[in-house]
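Per-chain numbering from 1; labels A, B and C assigned in written order.
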Amino acid sequence: MPAVLAGEEWQDCIILIFGAPRTAVFAHLDSIGFTVRYGRQLVRIGGPVLETGTRLVGHDSQGAIECTLVIDEETGQPTYEFTRDIDRGTELTFQCDFRETETTVQSCYLDNRLGVWNALRLCETLENGIVVFSCWEEHGGGAVAYLAKYIYETYGVRQALISDITWVTEGVHAGQGVAISLRDSLIPRRSYVERIRRIAEAAGIPHQLEVEGSGGSDAKELQHGAQPWDWCFVGAPEDNVHSPDEIVDKRDIESMLALYQELMRQL
Amino acid sequence: MPAVLAGEEWQDCIILIFGAPRTAVFAHLDSIGFTVRYGRQLVRIGGPVLETGTRLVGHDSQGAIECTLVIDEETGQPTYEFTRDIDRGTELTFQCDFRETETTVQSCYLDNRLGVWNALRLCETLENGIVVFSCWEEHGGGAVAYLAKYIYETYGVRQALISDITWVTEGVHAGQGVAISLRDSLIPRRSYVERIRRIAEAAGIPHQLEVEGSGGSDAKELQHGAQPWDWCFVGAPEDNVHSPDEIVDKRDIESMLALYQELMRQL
Amino acid sequence: MPAVLAGEEWQDCIILIFGAPRTAVFAHLDSIGFTVRYGRQLVRIGGPVLETGTRLVGHDSQGAIECTLVIDEETGQPTYEFTRDIDRGTELTFQCDFRETETTVQSCYLDNRLGVWNALRLCETLENGIVVFSCWEEHGGGAVAYLAKYIYETYGVRQALISDITWVTEGVHAGQGVAISLRDSLIPRRSYVERIRRIAEAAGIPHQLEVEGSGGSDAKELQHGAQPWDWCFVGAPEDNVHSPDEIVDKRDIESMLALYQELMRQL
């Protein structure tokens, strides 16, 4: 059984400590969406795809909400259509339409429900390591800085894996294995990433190497925090990013979990 | 009498500690303006409104300066007109033209002279709490990170109120009460903001709920620092933001102070 | 002999501690360049000048690489020409063509080989002070936050000099002395910068005052970190910034070193 750190001092985050940890896994709990502003205006939380007709759900003082996203044709700004006004400050998220086939799962928020799922499945067999469930990743960060400081100062751990979902691109394809990111907008320390590549190769786990010039993750706060963290983003790729129709190949989920199990043993 | 923390280790900031604090109020001391570059060029400090004819004041090795802001019509860049060259690196600020009516105050730098005034008036009756006067808020921050670290580590305080001035918009009107910001470019933790809303409602203090997608405050450093701060921006709205003609309704100043007094008792 | 801090806990950074330090010098070790993406695409590391025909070098699993930078005319994106495909994730840097005359040195990466050279020469006579060799400066930072925290907490040092190279501009000219930067995108604390100006003037060391509205350095992490650092960028100006042809006047290198020696004695 892991030690569980949760409660007010951790805001809405949770930390699980297993055995004698050497590496920490970060999986963010938060989602993209919208905040209701004035009139029928919406303000974005993170970077949701803006498409008229998308179904949004929420809850305010008058009860449950199921409304429709409408993009203003002149301004390009998001608004909503509903039978009544919604309370100022209400948060709206995509309505979930979960679809599963033999080879894929499809839904909103696979980023980062799948990263969380991967971390939870990892816990089933984890002997030594830390698993962190974080907040605010989709909107500029705000929790990993203090989580990372506590973990480093308490356990001396400064190796991290980012359990999150990345993008299908011209170089990273669905079904060809979990992506090991060599860089995104930030550049992790090469010696650490190369250790991870060697472990993946030696274990014969299907994987792909990703190289991007943009995008970020919980690793931003590790990179910029006041501890010498080594970090690497390791996650399955999805298509239809940040839409209600995010889709992931099940083989990539399998290789993601297999690689995390191996990395947590060897790193 | 509060304990007073000031001196070189605090750069140009001041911290006041009253009784057994649970909450800290942050009010920034710095102002927007310009730095003299080469020739007649000016470089912005923060985000001042650029309008030809604005009167600027400063001081250099040759004495006092009263000059005129001129926006270059071709480049849109700020320059100055004066009887002589001004020393490189000299700082210029808006010339103050303070105007008061029965219902309003008007001047440059109500942002954040009023936030500072509110914090000082709060001190007159404050029994338990911390009041912080910070620097660099208008230009990307640089002091709140270490102030927040010290306060959290020394007093265990991690609740914050940002005593600053916000914008009159289509949803926040002059004279209708202090604004409680539900979000700006950053999103504070909902459970904390809702406590503040409930206290304001129960106390019957006039207030408005603000929802913005841009803008920031000293809270940026709290959000991104390595302590689990809960924060909320609570401040009167002004019109003519970042110009020499910032104007605030006196009723909003009154409700701002009343709400701070109540919040510091109850939070 | 200084104490030397290096090893895994410092990632690829090095700290040298001389005597009883009051001031720390930061010189970054990293360079701009490119990462190989998919196909023939390159992704930038930092902000290299993009000019077709530039020679790039690197190393991958198939051996040494000398290839040519080509800017795609339609997209403006960097690509490479080479006799074979280069491994995904390979790092490429400018090929060095070092040129020296009686009055100048010219090469890629004078930013920051010269800042490092200045710091090393300073060590030859330094009695009290800290010299830090940092990483990631060209790509958003990531090391100075923890270096600065350690130095402040261990030695109480919170005065910094940034040993780096700046730009020849309409106000800062080659050959007229080291530049003392009064500001770039960030604004250092005025009282500290003025002490530095007074020491330079009293010592009669040729220098120029720089005022910029953009640009940054290792000081960004000092400014935003959770310690009250005073900092100032002090460095020779170069022309052809971030190209293979960076050029610096030897007189400015001489005055840079002379000023560092004086500042480390007096600050």
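Things to note:
As a convention for this text, contacts are C-beta pairs under 8 Å (C-beta built on N, C-alpha and C of every residue); 3 or more make two chains touch, one makes a residue touch a chain.
Just so it is clear, the model here is predicted, and its values are computed rather than measured.
Comparing the residue numbers each copy contributes, chain B and chain C share less than half of them at their mutual interface. Least-squares overlay of CA atoms from chain A onto chain B yields a rotation of 120° to the nearest 5. Work out the mean CA point of chain B and of chain C, and you get 34 Å between them.
Counting partner chains per residue, chain B has residues 225-226 touching two or more of them. The touching residues of chain A, counted against chain C in their complex, run 158, 169-171, 182-183, 185-187, 189-190, 209, 211-213, 223-228, 230. Within the complex formed with chain A, the residues of chain C that make contact are 9-12, 35-39, 43-45, 88-89, 91, 136, 139-143, 145-146, 148-149, 221, 225-226.
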